[in-house]
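As written, the chains take the letters A, B, C and D, and residue 1 is the first residue of each chain.
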Amino acid sequence: MLDNLSLLVEFPAITLDVVLNGLLIGAIFALAAYGMALVWGVLNIVNVVQGELVVLGGYITFVAVQYGLHPLLGLPLSAAIMYGVGWLIYRGVIFRVVDRDIFISILATFGLSILIQQLANLVFGAEVRSVDAALGSVHFLDGMVTLANVKLLAFLLAIGAGAALWLFLRKARLGQAIRATAQNPRAARILGIDTDRVFAATYGLNAALCGAAGSLAVMAWTIHPYMGLPYTIRSFMVVVVAGVGNVGGVVAAGLGLGALENVAGFVLGVEFQIAFVFALMVLILVWRNLRAARQRSHLE
Amino acid sequence: MSRLSDWHIAALLALTGIAGPLLLPALVTQFAFLWLMIVFAVTWDILGGRMGYNSFGNIVFFGIGCYAAAVIQRDMGLPYFEGLALGLVVGTGLAVLAAALLGSALLGIRGHYFAIATLGLTVASGEIAAGWNYVGAGSGMALPLYPGALGERELFFSYSLFAVAACCFLLCRWLYSTRFGLALNAIRDDHDKADAMGLRTTPIKIFAWCIAAFFLALSGGLAANMIGFIDPRDVAFAGATFGVWMVLMAILGGKGTLWGPVLGAVVFHITQEIFWTWLLGWQRVALGALIVIIVVFFPQGIMGWWAERRARREAA
Amino acid sequence: MKKLVPGLILAAALIFGGAGARAEEPGVIKLGAAVSLTGKYSSNGNFTRKGYDLAVKRINEEGGVNVGGKPYLLDITYYDDESTPARGAQLVERLIQQDGVKFLLGPYSSGLTEAIAPVTEKYGIPMVEANGAAISLFQKNYRYLFAVLSTTDEYLRPAVDLAAALNEDPSKLRVAMAFENDPFSQDVRAGVMADMERHGMKVVVDDKLPPELNDMSATLTKVKALRPDLLLVSGHDKGASLVIRQLADQRVNVPMLALTHCDSARIAETFGAAAEYALCAAQWASTLKYSDPLFGSAADYAALYEQTYGEVAPYQAAESSAAVQVFADAFERAGTLEPDAVRDALTQTDIMTFYGPVKFDETGKNIKKPMVLFQVQDGKYVVVYPQAFAEGEIRWPTPAWSERR
Amino acid sequence: MSALLEVRNVTKRFGGVVANANISLGVERGEIAGLIGPNGSGKSTLFGCIAGAHAVDEGDILFEGAPIKHLRTATIARLGLIRTYQQTRIYGAMSCMENMAISAREAQGGLLSLLRPVPPATSRRAADLLAFVGLHEKREEKAARLSFGQQKLLEFAMALMNEPKLLLLDEPTAGINPTLINGLIDRLRRANSELGVTLLVIEHNMRVIMNLAHRITCLAHGQVLAEGTPDEVRDDARVLDAYLGVA
């Protein structure tokens, strides 16, 4: 651990490389986290199947590329197909748990995540899949800092998607309906908004965002059937830190998490990277709770 | 449920526990796992069903029990049973301590934040164990071989786990009959109200978790020896299997009821075995589907469904 | 409740009774195996199963096994261990106790073999395994465990030896290592550590990779900064895919890169030029010059496998097939189906298969078959080491990314 | 004799909104005090501040002469100061008797004292108190199945079960069938006179509060507007204005 730290000091360029690469990964977390924030805010559901939606999006791009599609075209394709998948999941399961205790939704989506994982394993195999977008990479500072172009693209797309989502929620009719439903479903219903349709659209939109994230993940990194849960947890963390209705916060928290995680992986050793992510989440929740409780606890 | 059938189940289970392994020697290990599942479901229900704290983190105490036993048995140079006994003592001690410490940090978190926080706790524990060389890191740890005669080992663990499950159940049953049980229910029904009525909710919650931790660690030390090998993520801190199953079994049977978790564990274990035997390769898909179906359509569990049906019949 | 309880008992009796009561047909030797059909090892678990099945099919086509003058067909009962050790041990007990299996074929991965071995030992059931290579397995004095493959410590040793041979002063070599945090890869690490110490090489990076890994950039950044002469990576298919992809993305230059599992990860097919120059440790290759009467040559086996399953034969399947052959040979020599007699016959095994020679030492590991080292050259896997089997010269050192293509 | 409860210059802000501004009031031992004021005048917030739900920004709160500003709800409750809620809060999945049993004073004890069954004396007292509020028939029902008004009565009985020195009641008659209100007023009085519980009552129903309270404080816009006997307050022009929205 200490030698890793001294490495960072010895080669400042490496620190930059680690942080920059972390930021780029963070963009993918942010993309998946938008979706989670949306579903959480509107449907009041903690969507544990989030990570699996990302993985599915990756597989769609992977399969499309096998059939000769250009990897970059796989992105809109993944998003479009995943919108449909999200809609189906909503119609099949989610709508039954929307009004129920939030723990029920956690368990139900957990079940869905096992189901999707296992189906993905049966259909696509447990092999690690990856798509080569053949975009090359840029490097500077004597080659010490390298950024794959596909990661840069992922970053820009994630930021773009965030901006588009923000605009959509503010300007588009459906976006406004989504916001109205999030604030008060009953009032929205009285105003003639078909909340069920809004829920379905929101969930579909979430799946589409995840699909895009997965498509980028398969181009920039690798995917396999069992990598969903860490994505779910990261999304959850980002939303917990940023708050449900805060697109800008989600971007910032996502990027921050990516950078922090990458630095931690570098310093503590990669074997503790995942442990770090999860422990960090527990700490954030404990801290949040302490902060809330501190108000009235000085004497006890 | 009437008193009579209460005794029926108890007698049936006791009979199965004592005579089952002798009558059906081929199923000894199945029985042992059944008792383990019952411990899982009953201890989960202390928090999840009675206190309204849905935890995905209870498996952490099981893992502590596994590792404590393995380390003591490896390092202390004691004969098998002495090592196992000391391992169980140390394991339960550590687990209770961990429950007290983690509890004071985590049990203030409410609702789904608590559920997700405990999920994080489970994964983090598994990963830390998997990175820690002292406990074998990712290679896991092998436990010493049982010294007794062929077949005796399985009987030993089956009976030990049965004893643990029985003690656990009886203790919980007694706890729920005291004011402590009422206090747990009060916290579940309205935590703020319980605070406003002056209940000492924090110690109550921590104590409840400590009890769960005690039995989980006890069964963990035994199960680790029975399985013979512990892997950090797949055996000790197996959040995605044992950790979720305990929730599922309690819900399937009916959480917050006396017999629900036990019933849920029995039904779930048998169903699992059917899946494994007949759905080669598809059993996990079936499990996922089962979770969704149970949670979406039977959130009140078998006992809840039973009570509803009886209430409807009485009304008619 | 009153109705439910007898119902449950009935259900339980049906399931357990049904499984237990299945009688053994005459003329059939029942083998059992718990393999990973789902979970993280499922692809290799499936290769294992296909390997077993192919050998059983061929042996049965040839009239089965002749035991004491009577022909027997082979039959395998499978369970899915879901890639988890707890499940594996449980299922093996079930195979032995409920299904009455007397001979076991191994699971996939060292971890699962580790979990199962105590059980087979306890019951005195011989197990021939083909996919549990961890050296620790053979340090526990197991009497009923036999492995046809080379042990893990052998995997990357050829690479270290090769690096030592190629460089003038091996003690000046600096090595970076990234090994998955599981029994298999950690054993591979232990194996090369011993060799590196012998050569006086210096370890500059020694990372453990978590199994859920999907980003290795932290490790590779260290590699980039410290410029080692040799990079060793082992992390099943995932580790192989990741390192190839990210070395190219991050333009990390290493003169020599050696991996495990690159053929099952299909790095040459997936990553094209990025995979060039990578050295791959393998148990077996279809270009090796081994042969036996059942399958013919290694190439014949590969052809048959491809014809049967429509995919290229990975070594995981080949070694699994060989395990069945070893069992068949032992049955014939034992002349009885008594487990202890078969176990004794197994200790005397000394045969040649398409997969390589098999002869067990007293700990049960195969001491006759060497590991081979491929190199990805122009999109093909070319055997470059050991010399006896080499199809081509090693290309070394790997040029910098700026000079490639 | 000092006041049982003393609120001194308490200010509570939520973000930029000042919910309570420099409020002072006192409750004497044994009296029934009333707290009135239009919607949003800060009555429930003040209850929250007293009972420990909110942190107080400025000022001091004394109970039996000791400061309780920094204590948490449960500690304050154990000192003998219990509140009820405007949105009734009971333990829905438990029976009325269980609700009562866990509300008893002994239930506030340490862990060891909890590890015993409910003593018969407590059960008897619970049954008596349920009879006192008219819920004896329903004692084995799940609390969630009671009507809203019955739940209010249950919550009141639970508070009495706790034998508090001071009971803060937040709109005890809201949502109760008007024909039952007189009975309720009678019970509140009896709780005060027979059980010796000091009451501080928020009430919207003017008829009720004028009948019930010995002394009334009126809040408006987070400030104390008037204080005095029911007659004095009723005749105070500012109070009338506050209610009619002129001020």
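Methods note: a residue touches a chain if its C-beta (ideal position, glycine included) is under 8 Å from a C-beta of that chain, and two chains touch if they have at least 3 such contacts.
What you see is a predicted model, and the numbers here were worked out from it, not measured in a lab.
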item: Required minimum of steps from chain A to chain B, each step between chains that touch; value: 1
item: Per Cα centroids, the chain farthest from chain B; value: D
item: Between chain D and chain A, distance of the C-alpha-averaged centres to the nearest whole Å; value: 47
item: Mean-CA-position distance for chain C and chain A (Å); value: 35
item: Geometric centre distance via CA averages, chain D-chain C, whole Å; value: 73
item: Shared-contact residues (touching 2 or more other chains) in chain C; value: 38-39, 181, 208, 210
item: Residue numbers of chain A (touch at least two other chains); value: 118, 122, 229, 269, 271, 274
item: Shared-contact residues (touching 2 or more other chains) in chain B; value: 127, 130-131, 137-138, 281, 284
item: Contact footprint of chain B on chain C as seen in their complex; value: 1-2, 5, 8, 11-12, 15-16, 19-20, 37-39, 78-80, 82-86, 89-91, 93-94, 97-98, 111, 114-115, 118-119, 121-123, 134, 136, 140, 180-183, 185-187, 208, 210-211
item: Chain D-touching residues of chain B, taken from the complex the two chains share; value: 175, 177-180, 182-183, 185-186, 188-190, 192-201, 203-204, 207, 256
item: Chain A residues within the chain C interface of the complex; value: 4, 7, 10-11, 14, 17-18, 21, 25, 118, 121-122, 125-128, 130, 132, 137, 139, 143-144, 146, 148, 150-151, 217, 220-224, 226-227, 229-230, 262, 265-266, 269-271, 273-274
item: Contact set on chain B toward chain C in their complex; value: 1, 5, 8-9, 12, 24-30, 33, 127, 130-131, 137-140, 142, 145-146, 150, 153-154, 227-231, 233-235, 238, 241, 266-267, 270, 273-274, 276-277, 280-281, 283-284, 306
item: Touching residues (chain side chain B, partner chain A) in the complex; value: 54, 105-106, 108-109, 111-113, 115-117, 119-121, 123-124, 127-128, 130-131, 137-138, 240, 244, 247-248, 251, 281-282, 284-285, 287-292, 294-296, 299
